[in-house]
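As written, the chain order gives the labels A, B and C, with residue 1 at the start of each chain.
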Amino acid sequence: MPVAPLVRRRKPGYSLEAPFYLSDEVFAADLETIWARHWIHVGVEADVPQPGDYNVVGFGRYSVVIVRGADGVVRAFHNVCRHRGARIINDERGSAAKLVCGYHRWTYDLSGPLVFAEHLSPDVERNCLGLKPVHLRSLSGLLFMCLADDPPADFSEMEEIVRPYLDPHDLRNCKIAKQEDVVVAGNWKAVMENNRECYHCGGHPELLKIFFQFFAHTEADVKPRQRAYYERYRRIQAEMVDIWEKNRLPWDLVELLEGRPTAFRLERLALDNHGESYTVDTRVASKRLLGRFQNPRLGALSLHTQPNSWNHFLSDHAVIFDILPITTETTLLRTKWLVHKDAVEGADYDLQNLTQVWRTTNGQDATFVRWQQLGVSSPAYEPGPFSPNENQVEKFLGWYIDRMAEGTPAN
Amino acid sequence: MPVAPLVRRRKPGYSLEAPFYLSDEVFAADLETIWARHWIHVGVEADVPQPGDYNVVGFGRYSVVIVRGADGVVRAFHNVCRHRGARIINDERGSAAKLVCGYHRWTYDLSGPLVFAEHLSPDVERNCLGLKPVHLRSLSGLLFMCLADDPPADFSEMEEIVRPYLDPHDLRNCKIAKQEDVVVAGNWKAVMENNRECYHCGGHPELLKIFFQFFAHTEADVKPRQRAYYERYRRIQAEMVDIWEKNRLPWDLVELLEGRPTAFRLERLALDNHGESYTVDTRVASKRLLGRFQNPRLGALSLHTQPNSWNHFLSDHAVIFDILPITTETTLLRTKWLVHKDAVEGADYDLQNLTQVWRTTNGQDATFVRWQQLGVSSPAYEPGPFSPNENQVEKFLGWYIDRMAEGTPAN
Amino acid sequence: MPVAPLVRRRKPGYSLEAPFYLSDEVFAADLETIWARHWIHVGVEADVPQPGDYNVVGFGRYSVVIVRGADGVVRAFHNVCRHRGARIINDERGSAAKLVCGYHRWTYDLSGPLVFAEHLSPDVERNCLGLKPVHLRSLSGLLFMCLADDPPADFSEMEEIVRPYLDPHDLRNCKIAKQEDVVVAGNWKAVMENNRECYHCGGHPELLKIFFQFFAHTEADVKPRQRAYYERYRRIQAEMVDIWEKNRLPWDLVELLEGRPTAFRLERLALDNHGESYTVDTRVASKRLLGRFQNPRLGALSLHTQPNSWNHFLSDHAVIFDILPITTETTLLRTKWLVHKDAVEGADYDLQNLTQVWRTTNGQDATFVRWQQLGVSSPAYEPGPFSPNENQVEKFLGWYIDRMAEGTPAN
């Protein structure tokens, strides 16, 4: 099915036509146009804390190794040997002095050049056989990569805006307490749509102990039965603004989702009950707060970047979500929980308590996405109307369609 | 591979060319032309005995929910939410007051209309967002659905002819004692072909205790070694005709397989040995006979409907077989054993005894079909000649080819 | 992706472009052009030692039964019933008086003709319904088949050259001590490339106890660190030449890999340490030597045939490797260990000792091939340069490209 007409005829305000979730041609176009040309959130510096540490990420058929050099700089390379194409790194993470292909021992420096290849003919120009680099940027400790030769320049603008919000959480002094990978049985866009609305949050009872259901709702979306709940939300939000101001934490909503390759959204959120953290009792999960924070009750800084991440930064920990397309109908959802690098498991934090709310929520979302993927597979499916509280889904899709329209040759 | 030329050049009297079993294009055409435009046997009223009971059926990528309304009427709907396309019912059977999509709680009345969708914009016309209906008919308790807007009109003719045969077995007062689903590793047509002949019945020793091997044979097909067996068959058949006449059970062979969309075949069969039922000892499996039957020895009423079912109605139970294509090379074979709704398991019938003969036979047939599917996959395969006792296979294929020729645009 | 341009633009001295490993179109062309028109190594006479013994082999969607007739002649037939196409033999090996299709009992003589088909219409010409034959040749006990109507005539030349080398090992008086099948996660050409060089032999420490790493190396390829190892190799090689001469074993290198359909390579190799056999202690695995051998230390005769086998013949056993493509990205690697037919397991040989070195090596190679298949899947892969000691890989690919160029219609 040709992709361009599908993109052109997309009806705003409605869910996408079925081929966007089912067609291998659309998936290939997504990889080429969205994933290979935009800044993709791929992890955190804490994935590779020491020189020689590496971490492999991939989507579609791409595999990329992220590695911290002897000079402390984090770089990214295609995980493909320049000899006969073997995958060089075949575990997910590890540490090495050099990157050595296991097949014929071709050996690359952590910064890319080929430094050893026995038997190579002297006619061959070794200098041209270094690992192929991939653009990599760290934004206050969040890693973004771009496969294109000329990555979108507006990354710098995002960086400038996001840094003051993010720096107080001091991500560079965090460690990964836990990573969880879930293979979701749905197209990557269905996974992202699911994340962009809280219309379905009735299906997340654990999350709603702490997260207010009014994400992306306007006052008009509040139902009579929710009135008291909404009043509490407004009251707590007002309290939090005072706290944020007192702590000099920027809290203005930033939403730059349209008309730009590097799209993102930044919001500081009030949280319910004790309002401290994404835990079952809504108290902090880690006694060791991040950065210089004294007050455990700071709500959550929420950062969404398109096409593939959402992140929550709290007083005591951060939760980082990346999605990575595997096939047309499967997507990897990778979640990382970060705590202060000096926090001690068992003493300062309990892993179960730290991870429980979002692990449960991830499982529920994986089910919702699977149901959607199954349903749109039916030839009887036709796009349905979004409600006002799904405006962020519409914005994600609007961005997606714009980017595809720009990047897809007419056919 | 274009489908039309394959259909056009099919050589009567010979098995089909390989692409009919292997090509995804033919499979897509089968779904569109045969499965989406004809009456498909999908179950029995006993699948949904009470208001609110539902049962999900599917083939290809279609999913349909069959549900009995508060008014007692059984209806069918596409199992796809009108909002963002989620599959609404995700278990196979159950009971509910309303059909509620688990994603955003859109709620549909059992008769289809959308009755609740919180947050929906007032601009949206709710009346247009009911579940998409699928035509459904009950023939003496057997359920047939048709996905087309205008289903074939000749269903009524089938109904008129079949009802007098079927009504005495009183299917509407039956319950499902057991359902068994088998995924057969073969194209749906190979499964149907397998069912349409008893040339292979030497591979069903358990079945042959009760079923005469002469299905679709003429006297000319009877081999010398079978002479005594054939004489017994003729003698018992004559006895049964007397019994059928005495019980006022219509028994004329009806075969309407050609030149019509809704094709079927009806035959009342004499059974071997005690001749009562499809059990190991050929006696009834259930003490509680169906309808008003007094005599356990009534032979079997056999009803075959194209494209996808065969059914056996006895004095004490019924066995209902549907086949449902899953992929080009896999097919669901669904078998249901029905007994009188008041029959008590353990007292009136033993489940193992009730189901053993056909469960064994299904397993044997699944193996035969798998062998055929594997064999026709070889590029060395070429269609071979049918024998006279495979005339029902030829009739099934003749009907299939005719329907495809009519429904497939030339290409 | 059209195959012809890929074949035409292949750059000698470099690994193949990615579609050669990934594209289903190329795989189909490989099956049609290489596999269905060349002599394929499929086993040994010891697979079917007695009349009535059969052995099923296959690649792609082909299935072929190799069977020894009542007359002692080994033949090959497509494993497809001429009736409705069922696969006739559904186990891998066995013994039978006739080949009987399990579906409708059509029965074929071991030499092919249809000898029994009940119910067949008298109009049908039974003589035209024998099993479809496949060309089969035995070269000193090694079996080769060709699916083409007119197989390459140069098989006879190979036979004439190879026979004097092979006959002393007396394969026809061997039995199969063990067969091992490994599904390798790589295209068949990647499996073959892996076998054609010892650049990667550092990854086979067990093999290097016995196999000199200098396969396909010239003296220029010997690295300074290998100097003493190389001197030992040269010294032992000189000793072995004396032994081969004394035993009248031909040992001239024969390499006929270019400009011919039936390509092969023959080399008698010196082995390291005790130099007797491919075992952990480099001593013979079987006390009962092959043929009339007296001296256990005969090195190894290595026979490679294109497109799909390599074989090692020792004083006490033989190891036979066939590769058989399953799908574009999977390949069956089948290894057989043969010992003298009178050798007694437990007394004359220990199965673990006989098989350990190559089972370990196979596992390592399967990993290397998987890494390569994964790596070339990345869109970032580009062909890299072969080194001089990969000249046999280049020769295999040169032969493959030539054969494809000749056999593929320009498109």
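Going forward, contacts are C-beta pairs under 8 Å (C-beta built on N, C-alpha and C of every residue); 3 or more make two chains touch, one makes a residue touch a chain.
Fair warning: this is a prediction, and the values are worked out from it, not measured in the lab.
Engineer: Copies subunit A and subunit B touch; is their interface built from the same residue numbers (over half shared) or different ones?
Structural biologist: Answer different: the two copies use largely distinct residue numbers here.
Engineer: Rounded to the nearest 5 degrees, what is the angle of the rotation that puts subunit B onto subunit C, matching CA atoms?
Structural biologist: Superposing the C-alpha atoms of subunit B on subunit C needs a rotation of 120 degrees.
Engineer: What whole-number Å value describes the gap between the mean CA coordinates of subunit A and subunit B?
Structural biologist: 48
Engineer: Among the residues of subunit A, which ones contact at least 2 other chains?
Structural biologist: As it turns out, subunit A has no residue touching two or more other chains.
Engineer: Please output the residues of subunit B touching subunit A within their complex, sorted ascending.
Structural biologist: 36, 60-63, 78-88, 90, 102-105, 117-121, 124, 129, 132
Engineer: List the residues on subunit B that touch subunit C in their complex, please.
Structural biologist: For subunit B paired with subunit C, touching residues are 15, 18, 193, 199-200, 202-203, 221, 223, 367-368, 371-372, 374-390.
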